[in-house]
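What follows is a single structure, written as structure tokens, with notes after it.
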Amino acid sequence: MTTLDDRTITTDLADIGDFTASLRQEHDDLFEAFWAHPFLRELRAGTLSREATLHYVGQDHHYLSAYLRCYGLGMAKSPDRPWMRHFVDSSLFLLEDESHPHHVMCESFGVQYEAVQHDRLAPSAQAYIDHMMECGHDSLGVLMFALLPCPWTYIWAGNRYLAQHDNPADNKFEGWWQFYGSPDCNDLLANLLQRCEALAQEAGPAERARMARAFELSCHHEIRFWQLAYTRETWGDLPRSILAG
Amino acid sequence: MTTLDDRTITTDLADIGDFTASLRQEHDDLFEAFWAHPFLRELRAGTLSREATLHYVGQDHHYLSAYLRCYGLGMAKSPDRPWMRHFVDSSLFLLEDESHPHHVMCESFGVQYEAVQHDRLAPSAQAYIDHMMECGHDSLGVLMFALLPCPWTYIWAGNRYLAQHDNPADNKFEGWWQFYGSPDCNDLLANLLQRCEALAQEAGPAERARMARAFELSCHHEIRFWQLAYTRETWGDLPRSILAG
Amino acid sequence: MTTLDDRTITTDLADIGDFTASLRQEHDDLFEAFWAHPFLRELRAGTLSREATLHYVGQDHHYLSAYLRCYGLGMAKSPDRPWMRHFVDSSLFLLEDESHPHHVMCESFGVQYEAVQHDRLAPSAQAYIDHMMECGHDSLGVLMFALLPCPWTYIWAGNRYLAQHDNPADNKFEGWWQFYGSPDCNDLLANLLQRCEALAQEAGPAERARMARAFELSCHHEIRFWQLAYTRETWGDLPRSILAG
Amino acid sequence: MTTLDDRTITTDLADIGDFTASLRQEHDDLFEAFWAHPFLRELRAGTLSREATLHYVGQDHHYLSAYLRCYGLGMAKSPDRPWMRHFVDSSLFLLEDESHPHHVMCESFGVQYEAVQHDRLAPSAQAYIDHMMECGHDSLGVLMFALLPCPWTYIWAGNRYLAQHDNPADNKFEGWWQFYGSPDCNDLLANLLQRCEALAQEAGPAERARMARAFELSCHHEIRFWQLAYTRETWGDLPRSILAG
């Protein structure tokens, strides 16, 4: 059993590679904005509204399907079988385990998971997905840095929450936090950080610049995803407001 | 010289193919929202602010570079030399002619074109580009329907403006309107509408559904592009507002 | 336990969809050339040389890695989670089960599997892979029809062999034949045939033509793969023969 | 007017970048095999048969269409407008000028260019194209090194021919040689060599290894293209020979 101290290791910048660590430091403001967003603040306090929670679940399920497509692009660019195995294992994890935190959210409000599915992505979720897919048509390294902020922000936030709260805390979303702060998730993140750094080390300056940009934009997209959930964003919002004058 | 009657022909739904015409009708509200957006309203009135105008030019120049990349994807999917020639000619038009309306805008405020270049796309422009590029990794037909709303909304608006105003009207942006309402632009649109319809006619239902979705989202993105220019959107807006509490 | 009669069902053209069945009939000569190639004839007779066998294994291992990359492209184009699950399951099968017939071949000659790995694909194997990857940048349907001849020819040949020989026959490659004629492989093929036909049914004529071309070329590539193994083809063959005058 | 001395400058390894020059030296045997192939030998002697010549023209026209698609992939990966302009200009050159040597060949035998068009690529031509397209789904640098051997081998051979023969020589294919040894073609090659080297300089070791492989395989494909023309290769050759026993 991992202790909390072990668990924080992966987010200790001293233990990750130079390129990845410097990106993390450069965008610490984005990680802090992620943490400070009202959606996450209310998820910590257990006060997040039913509407925002379920909008999030519906969008995130759809988003994870698209994330699987990015794993496919990663497989297609894999230089060897261990990389292919990585993407197959990651796909299985996503297909089989990552619905757990969604179920926690649905159960908090006594709703069936199947009842909250959305049939299309909101603008900010679609933009995030299109960004990652585009990076998946660049190099494996650019793709990996586009994919990294999703697990990194969530697992970093999970660890931070667990370090600041009773274990378990009295929070209807406690299972969500326990999942992202779990040893399994920390191992998964440590593995990704190593893979990303290895790719950065063998990349030239032009590719590194694209990796850095991919990472930065995905950090922004993570924050924007909270915003879309919190505001229950839809495509119709803007045209309706214009036509209403 | 084309008369106004000729010029409106291409936007006459009776003259374009069934699939394309039905998409146009289905999303008439999006065309009307495009037209009604304050950015375009003020561009008609000649009252658009220097800041919004120049933000638009800087973003649109960058956007058109990305549009050229989409033409590249189109060339790569071209079934024959006439299609390749179409994309080469379209690229030349864009490289050589489409900076004209940008120059009109810069000159209205006595600014050099080169001085308003942006080094990165705003979130809504990047989302639009990533959407079109993703469609460019689908089929030629899906790409073409993703590309279509940009010329269609602009040229439709150009024709509508010219039909409603003196020719020339007393508007510091008159050259912008004259460009998009020009016979050349109408010919270009008529050509695109024919190409799109031909691709739709030979597509199956699944691809047609993706064509329709690509078109609809690009219509939304056109409206969102006015919004980004009007609000001078940047990536930093959201994280800053969160961290400011 | 499936009987031989059940097993032949999947190759019964009456039971598969119209488009797929007509492709199969149109290219029956290619299936017969596949069957008649000296490599396969000697694999049936148990007389295939050590050199040809091991060259085949080395190339086919490499080829299957590239096949996995094609599954990645398929995942990236999957319209829904069942399709993604199909590619993940197919990847697991390939990573875990399909080395079995390779091991049979190595053991026939008392060689370690690891000892026969090649570090690059021969020209005909590389051409096959590049063909399938290119189809993977077209539509999901075109990709699926490019991937289909590999399992279809092998499993069809496996069934045909088992129907013509004692069970088990006295053949040092018997395990190879048993694998491709197994109920599991027949189920896998039946599943692929259904998926392919469903995609053809929703495709338009232009995409169908590309599907048919992809299928035909992959049938040719299957025959050429026997040829490369039988002749122990390398990239250096042609330049060496030219320079030798 | 450029003198021969000027013209040979671009093939002087002292004048091109380190990475590109070392690739050229490493694969000098492939350039020599290209030069020594009977097809090119007979093209120098003016004795190439009508059948081989026209098979070549039919295949090469088709090949150049696919080459244009690769330019499209290059445009889609272009980092800036000068790179886009490069691909647009290259496309125009190919659409407008590169049919000239084909016409020379057709006229040598009193045949109309339109009469020798093929409706499909032979196996070796298709393999070449699929190789380049696949490289076009990797990075811009990998694509450029896959595209480089085509102009480099032809223009190097053109210069070598002109240096060894009277000017003009008494050769029914003299116009073909004059085209590829022309100052325009040498300028084009010099430009490509600079672009390739610049991309190699900013690439990391993994991408450089893929660039080197792409280049080497395209050199092989160039030789194999002579072979396909000389043997009038078709897809049906192999299955027919097998079925004929």
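Going by the order they are written in, the chains are A, B, C and D; count residues from 1 in each one.
Keep in mind that, in the parts below, contacts are C-beta pairs under 8 Å (C-beta built on N, C-alpha and C of every residue); 3 or more make two chains touch, one makes a residue touch a chain.
Just so it is clear, the structure is predicted and the values come from calculations on it, not from any experiment.
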item: Chain whose average C-alpha position is farthest from chain C's own; value: B
item: Shared interface numbering between chain D and chain A [over half = same, under half = different]; value: same
item: Inter-centroid spacing, chain D versus chain C (mean Cα positions, whole Å); value: 33
item: Computed distance of Cα centres, chain D from chain A, in Å; value: 46
item: Euclidean distance of C-alpha centroids - chain A vs chain C, Å; value: 38
item: Of all residues in chain D, the ones touching two or more other chains; value: 133, 137
item: Residues of chain C defined as touching chain D within the complex; value: 29-30, 32-33, 36-38, 123, 126-127, 130-131, 133-134, 137, 217, 220, 223-224, 227, 235, 238-239, 242-243, 245
item: Contact footprint of chain C on chain B as seen in their complex; value: 79, 137-139, 202-207
item: Chain B residues touching chain D - in the complex, by the definition given at the top; value: 65, 68-78, 80-81, 84-85, 87-88, 91-92, 95, 133, 136
